[in-house]
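Look for chain A in each of the two complexes below; its partner is chain B in the first and chain C in the second.
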Partner chain A sequence: MAYSSGGGRRAVIVALVDMFDTLKPPGLDALMIIVAGLGATLVIVQPFTSPSYMLSYALDPTLFAATIFLALRGAAGITGLVESGVMQAFLSYPLSRTHIAAALYASRILAPSIIILGAPTATIAIAMWPLVSQDPAEFIATYAAYLAQALMYGSVFMLIALISKTPGTSGVLSVAFYFAYTVLLGLLLYIVGRAAGVELLQRVAEASYLPGIALIYYGGGSIEIWQPLMVPFLLVASLAVVYLYFTRRFEP
Partner chain B sequence: MKYFKLAVGIGSRMLIALGVSLVIAAIAGSLWGVKLESGWEGSVAQGSGDAIVLMAMATASSGTVEITLANVREAYTITLAGDPFRIFDYLSALDITVQNRSVKPDIRAGIVYGWGVLDASIQAIRLLPTLGQVESLEPENGEARLVQSLSPGGSVAVVAIAGEGGVLEFDISFRVEGYSRTPDEALLTLGLASSLTGITAYYLGVKKSAKR
Partner chain C sequence: MPEKILDVRDLRKKYGGLEVLRGVSLSVYRGEVVGLVGPNGAGKTTLLKISLGIVRRDGGEVLLNGVDPWVEPSSREKVGVIFERPNLPSSMSVREFLESAARLKGASESDVEWAIEAVGLAGHEWKEFNKLSAGLKQRAAIAHALIGSPEFIIADEPTSNLDPMERREVLTLIARLNKELGVAVLVSSHILPELLRVAKRVYALSKGRIVAEGEPQEIFQAKRLARIRTTEPERLASRLAELGLEASVEGLSVLVRSISSPSIVYEALTKAADEGIPVLGVDLVEPALEEVIS
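And now, the complex of A and B:
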């Protein structure tokens, strides 16, 4: 309770200071221009007539770029804060660990995800405005699906970074997690489910990729009520583990 | 003030990136802009095969596909969702194999065309209506015509048996419906305006205040 007065404001300051490191030029600028420019080019040379289908063409490759950024620059950067002693300085501030965890999550995972996925989304929204304006909810929901998927990956990457405390290990383990998640949950489960004729396994495999569920839904396909909730549930669960680990066990 | 400068710095960089990407989009649109109509015509020799399959898949857009076949004895239409080449899985279930095939994508019109020569008994071909979403297409004077609406990812296939001489002539056309986008000139103007605003904000908000 002693930290509650002005804690939120100080947490915002910590987030902004740390964001300056995460988003420093020219890496992010080059990434934004490349994903937005190429994403818009992919969309503009094809006659898309569905907002969700159109956005997925640009955001599928962008999600991969965002995931690599989160693994190697966002989350792994937290280990750099530990090695350079900045984390110890943050922890010495009159701020609760909850506030510091929230600030680090905002600067390392949330802001980069919004910006990297948002760059092609904003460009496409302007370039394809007559189509997007017909159903803005579908367009925004598709973006939100990609954002939730990126945040889920980022939360696990942050946990890996906090536990491993070294940039190399954190980066490699994060990429390994991403690979294992997409192959095990996305592909193998689907193949096994199809081979064994178990529909539930196929449905779980589909649900592991929220943008895919959005595409099925907006394409007129049928989805189970729990399928759109699986990735948000994994996101909340991984966030809870990050919070518990950072506030109770983490020692820089 | 320091944090305002930080926010202006990030915001101005985003405006510059948005501007550059809008200019790239305008250039791409003017160089490789979409086609709202597309077509493919030619002939396929049935040869030693027993039937010919013609396919069209809308990869990006909604529209109407029209398939006209000449010199056809029997024809069946198969409506599929997703990859049209999954039709080969369906056909193999009826012991029908593909001898030869040709694919022609027209990305700017958002459509992929293809044909294949099938190896199967007449009995197997006539079993096609037992598959789901298969309908018999009645030819008139050796000519069969199909007009169908396609949604993104949707596809249609026609399996046909050629008449005299064993050569089937085909004409497939596709018309995109419901497409619209911001004009290239507007994209270019917005892109340049966004870039200039970003550069000005960066100069005034970050560089100039740093000198003070």
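And now, the complex of A and C:
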């Protein structure tokens, strides 16, 4: 039987091959079981009345776990590909760098984010269906907000991995970026804005965490029209830089 | 004249401030085996990576299958690659990975079977890559390069990390692929005699420049060497030098370089014998890498 191949199809094959490494147990499987079990337990013991607030209760700690996974296993795994020489093998295929970048992003960032955040979301949807069914769109939008936040972190981690090319440096710099981002944008900006009475700074601080914006919105609070767009903008911008770096500068 | 499958002209590459390739030109025609020899750090791997479009170039032109490999990925169609360090994923069995590579290259399952048999990997194909010995890893990497019926194979030091027997087998396989299937091969090594065994043409690369090129016979003739064993090496070396030969003492031998014709050596030896300098034996030796790049 002869296999057929095209650019997109070839990229899917590379993504699947690479996903074997990303999802190789133990790692994601154990994390998935823990976050799914704890997430469901957390929301069942609490009296929730809002799907978004209920989901955030489980996904806030899950997002942290996902971020650490993306930094240390997902993106840093790309440096492992470079060190082992597997990246050279991928780049020697008749496949454009755009396709390879897409395949690596799918296997290293997108799939783990969907799975890690999706595991507790799915168990909560099943366990708390009566509440979720009141507003499934709100539930899904909240999940999407967490996913966008994770993907934004993951895109920056991938860029760090491509530039640093060593797992240790990549992991440390990625975690450092995460804490710098959350502390600088999420906390300090808010405190400074509040102390100085500059509302814009407070709004930027709020917008740096998209799930928080979702909670304010679904909780009936007021948000600026640009606030839900800030994290997606950062995601698109970081993805664009990853794409440009990988296709024009990256050398294994 | 067959068509060029790889054409590299005036290639330049810098890493930081260090110029690793300085105007390298090289070509490989369809159906021929070309050797690229040079010491470690000469720029061989960089040259091969740029030829594949894996690494950017700073100057010059590269055409692989008639197009620029940095810009056009289709240039790598029907091109198999063997890297210096065997490099397949360890998260799945070699067989599963080769099947994935076959899907990617539009090859058939029977291609996978053939490649496994051709490289002698049968019986080990279901093991994970990192559980194979160095020799088997290299075989797996070669099998990977053979998937998709390649018309051109770029092999970067395919015999490194192998024992002499395995080295011979790999070279024999390369020669067989060329002879039976007409596959063009560009193979690099820092061991010249290995390349002379399989290559029709050889390029010698040193410090980022091509310092010698031609057919193995031409290189042999240009760098012909003789080692003369004697109990009086200093006396013999000075006598040979007087006769216009480039001679140096190496222990109880005298090494004579760049011999234009063996008869000159024989004539010199006769004169040495007449003068009572004992000659215990003469070996005409293959030039080592350092002789070629000197």
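Rule of thumb we're sticking to: the second predicted complex is superposed on the first by the 247 of 252 C-alpha atoms of A that agree within 3 Å, B and C clash if a C-alpha of one lies under 4 Å from a C-alpha of the other, contacts with A are read in each partner's own complex, and residues count from 1 in each chain.
As a working rule, a contact is a pair of C-beta atoms (placed from the backbone, for glycine too) under 8 Å apart; a residue touches a chain by one contact, two chains touch by 3 or more.
Source: prediction; values computed, not measured.
*Asks:* Give one of first, second, both or neither to describe whether A:123 is in contact with chain B, with chain C, with both, or with none.
*Replies:* After superposition on chain A, A:123 lies in contact with chain B alone.
*Asks:* If you count the residues of chain A that each partner touches, which comes out higher, chain B or chain C?
*Replies:* Tallying touched residues of chain A, the top partner is B.
*Asks:* Taking the superposition as given, does A:234 touch the first partner, chain B, the second, chain C, both, or neither?
*Replies:* In the superposed model, A:234 contacts neither chain B nor chain C.
*Asks:* Answer with first, second, both or neither: which of chain B and chain C does A:162 touch in the superposed model?
*Replies:* A:162 contacts neither chain B nor chain C.
*Asks:* Please work out whether A:85 is in contact with chain B alone, chain C alone, both, or neither, and reply first, second, both or neither.
*Replies:* After superposition on chain A, A:85 lies in contact with chain C alone.
*Asks:* Who does A:13 touch here: chain B (first), chain C (second), both, or neither?
*Replies:* So A:13 meets both chain B and chain C here.
*Asks:* On the A-aligned overlay, A:40 touches which partner chain: chain B = first, chain C = second, or both, or neither?
*Replies:* Touch status of A:40: first partner only.
*Asks:* Overlap the chain B and chain C contact sets on chain A and report the shared residues.
*Replies:* The overlap between the chain B and chain C interfaces on chain A comprises residues 13, 16, 20.
*Asks:* Spell out the part of chain C that touches chain A in their complex, as residue ranges.
*Replies:* On the chain C side, the touching residues are 49, 52-56, 73-77, 79, 81, 83, 85-92, 97, 100, 102-109, 144.
*Asks:* For a test of understanding, state which residues of chain B touch chain A in their complex under the given definition.
*Replies:* It is residues 3, 6-7, 10, 13-14, 16-18, 20-22, 24-25, 28-29, 32-36, 59-63, 107-110, 151-153, 176-182, 187, 190 of chain B that touch chain A.
*Asks:* Give the list of chain A residues in touch with chain C in this complex.
*Replies:* Going through chain A, the ones touching chain C are 1-5, 10, 13-14, 16-18, 20-21, 24, 84-86, 88-89, 91-97, 249, 251-252.
*Asks:* Contact residues on chain A for chain B in the complex?
*Replies:* Going through chain A, the ones touching chain B are 13, 16, 19-20, 23, 25, 28-29, 32-33, 36-41, 44-50, 53-54, 57, 115, 119-120, 122-123, 126-131, 219-220.
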